[in-house]
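Look for subunit A in each of the two complexes below; its partner is subunit B in the first and subunit C in the second.
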Partner chain A sequence: MTLAIFFVFAAFAVLGGIGVLLARNPIHSALSLVGTMVSLAGIYLLHHAEFIFAIQLMVYAGAIMTLIVFVIMLLDVRHEEAETERLGFAKVFGMVLAGLMVVVLLVPLAAGLTGKPGGMTEEVLARVGSVEFLSEKLFTTYLLPFEIASVLLLVGLVGAVALAKKRL
Partner chain B sequence: MLQNYVPILILFLLAAGFGLGMVLMSAMLGPRRPDSEKLSTYECGMTVDPGARRPFDVKYYLVAMVFLVFDVEVVFLYPWAVKFKALGLFGFVEMLVFLFILLVGYAYIWRKGVLEWE
Partner chain C sequence: MTFSMADMRLLTPHLVITAAALLVLLAEAVSPGRRKGYLPYLGIAGIVVAAFTTPGLFGPARSGFSGMLAGDAFAAFVYFILYAVGALTLLVSDAYLRDEGRDHAEYYALVLLALVGMMLMAGATHLMSVFLALETMSIAIYALAGFFRDERSAEASFKYFILGAFSSGFLLYGIALLYGACGTTEIQGILDAFASNRALAGSPMALAGVGLVTVGFAFKVAAVPFHMWTPDAYQGAPTSVTAFMATGVKAAAFAAVLRVFFVAFQTLHVDWSGVLWVLALLTMTLGNLTAIAQTDVKRMLAYSSIAHAGYILVGVVAGTPEAGAGILYYLLAYAFMNIGAFACLIMVGRKGHENTELDAFAGLGFKFPALGLAMSLFMFSMAGIPPTAGFIGKFLIFKAAVHQGYYWLTIFGVLNSAASVYYYLRVIVTMYFKPEPDTPVVEGLRAGPSMALATILAGLGVLYFGIVPGGLVDLAEQALRYLV
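Let's look at the complex of A and B:
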């Protein structure tokens, strides 16, 4: 049952991604991206990451997508310009990278490599609780990244003000 | 544990099904006799100023960015609050440091007049 739900979410995530690429209207692309974000949230929940699930919905599907829509409106991109069929450097480079990605994904599959389970198994999470587990790790082991995150947020704030404010 | 989320899934499916069903039903059952007047954008009966897609003011972007930063700040407060007692004084101080750094940002945007709508 869980596996079936996983495949539904995974399919919607991939479809959303394809939609982002294929939509001619940038707003439709953004909407597809929301679909992908929500599907990913579902996958997080299936992995018992309840807190990340809620944050994914609130911050990514909500706040960040709003920001992306603002940027689209700000830039006034109407519809994608008529596609040039010319094979530019960017396209070739993109194709090479995509090909490499496929190889990276297929090799472990062909070689029969499987993942190694870490310490954060379902049983542990069910016992400790998702938020409690995250909290313990975040505020002890990963204290420095947590504090640096505030500096990163500060940089984002100052950068936005420097870019968008007419008179500083 | 996941069983707790089954009601949410059902609600989600119902909401999606309802929305989809309404669109499909009106597309299939509704009569369709379009003319140029009917297909034009309707807005309170007034002639619509052409195009809603004009560039938005950058002020909106600034508000969204400020919201996002403090949104993420609050997100970090939640797991901290859950384990507040266990983390003790050390946890309290480290959160104060985190908040202080963002308070600098808050003072900065206040000083720069970002909070005022000019």
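Let's look at the complex of A and C:
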């Protein structure tokens, strides 16, 4: 049952990804991306990562997608130019790289290569719940990286103002 | 476990400088009118206070924040290099930015916040903190590179941003694969995982992780073939930022490289030393050969900075504490000579005209004797001619490489160093032996007291550590003793 649901979400995620690439209208691309994001959120839920699921929906499918759509509308790009039809060097190179990526992803699957399991096993999650687990880690073990991230955001903010504001 | 006062003690220098950055931002907001010339000195005061809180970190290795941050002599040594870089950059920037009409608090705050990122990179003992610190530093530098907002400054910023983001992807993917292979991203934990499980060293996942992490760092230190962004980014950025990028980013990135490769990947030396051997050779050779062909001094210094990364990589290849101490010494020496040289470049420019073509230097040696003397000193040091710090730095690194039996790499390094003398001396020859053109390019120097002070301090550093390097080398060796 879980596996069937996984495949449904996975199929939608892949279809969304293909849609992003093939859509002529940038807005359609953006909407396909929403599909991919929501499907990924579903997969997170299947893995008992309720918190990541909620964040994925709110931040990626919600906030970031809104921003992307805003930018598309502000820039007023309607349709791609026709010249992308040509099979240029960049396209061939991209295809070769994409093919290599598929190989890199399939080889470990075929060879049964797996990494070490982390601390968030299903039993642990079932016992403490994913929000508790995450928040405890975030505010104890990972407190310093958490604080560095806040400085990082400040740097981004100051940097954006310094680069974009007309009169400082 | 939660954190304690002992943890806060390790973080004090970073907190002080972050506070200074916030203070600079706030101070501008409440400064009446245009009177804000004191802002860079507020930043320098912060760095000095941070420097006073640092010596306590020398001594046995400690670790805080659940193994995220080290408080060891290695981190403290790099912090001092970074204080020198930060303070000199702020001194050099003051008159320069005022002349260009861009003396804003954001600049000084970004320099200080980038400095915090660099310090965290040097102190981080967990790949998660290494990565976040690297991003903090990088994003601040992207903004600084574009701070002048003219066409070339924007190009520099954009190129550095796109390629920097690309390289962060490599680093992050490498870290993820290492986590998969070792079950941890703590540097000591990775070392333990590799040491306790011999088979792990042969696993494709671990090796791919090591490879991708290598690529990520190679981008940041501008090693060939990951150096494509360097010349344009260095040439287009404001000159003070170029000096900061070439010295600070290099010091922080190599500090992280030392911690990751000398500690976490210690048992894999056989695997990575071969790759870095090739990278070091390519970086030295390509950097020097391209520098010879340059007619613009700023661009030449960009290629020379690639070549210097190559010399430092020779030390990384050697992989011993002796080589590590040599690298630490080299990073400090390079900070002094490079910021000094860029300060001289700033002085010959005027608003909107950088005057960095080689021809602009013709006759300047006699017209401005002090500038000629300073520039000559920095060029001699970069070329590695005694009694300057640049000579001792190269000597220490090549000596460590010979002790490990890397004869060929050392021979190539020395040959490269000899070839580089040509283009460094060409600047001196142009200054003293070429007559000034009838319509002088450089009419006056953009020098103020702060610029003069920065140049004198850098010059004294180059000479002092070149003539009596003993104490500094001892400190560097002590720093490495606790690292490895």
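The rule we apply is simple: the second predicted complex is superposed on the first by the 145 of 168 C-alpha atoms of A that agree within 3 Å, B and C clash if a C-alpha of one lies under 4 Å from a C-alpha of the other, contacts with A are read in each partner's own complex, and residues count from 1 in each chain.
Everything that follows uses one rule, which is that a contact is a pair of C-beta atoms (placed from the backbone, for glycine too) under 8 Å apart; a residue touches a chain by one contact, two chains touch by 3 or more.
These numbers come from a predicted model, not from an experiment.
Applying the stated contact rule after C-alpha superposition, one finds that A:126 touches subunit B and leaves subunit C untouched. In the superposition on chain A, contact of A:142 is made with subunit C only, not with subunit B. After overlaying the two complexes on the shared chain, residue contacts for A:160 are found with subunit B and with subunit C alike.
Once the two structures are overlaid, the count of subunit A residues touched is higher for B than for its counterpart among subunit B and subunit C. After overlaying the two complexes on the shared chain, residue contacts for A:113 are found with subunit C alone; subunit B is out of touch. In the superposition on chain A, subunit A positions 143, 149, 151, 154, 156, 158, 160-161, 168 are in contact with subunit B in one complex as well as with subunit C in the other. Residues of subunit B that touch subunit A in their complex: 1-2, 5, 9, 53-56, 58-62, 64-69, 71-73, 75-76, 78-80, 82-83, 86-87, 91, 94, 97-99, 101-102, 104-105, 108-109, 112-114.
Chain contact summary for the complex, subunit A toward subunit C: residues 108, 113-118, 140-145, 148-149, 151-152, 154-156, 158-163, 168. Chain contact summary for the complex, subunit A toward subunit B: residues 2, 5, 45-46, 48, 51, 55, 58-59, 63-64, 66-67, 70-71, 73-76, 78, 125-126, 131-132, 134-136, 138-139, 143, 146-147, 149-151, 153-154, 156-158, 160-161, 164-165, 168.
Residues 1-3, 11, 18, 25, 65-66, 68-69, 104, 106-107, 109-110, 113-114, 116-117, 120, 126, 128-129, 132-133, 135-136, 139-140, 142-144, 146-147, 149, 157, 177, 179-183, 203-205 of subunit C are the ones touching subunit A in the complex.
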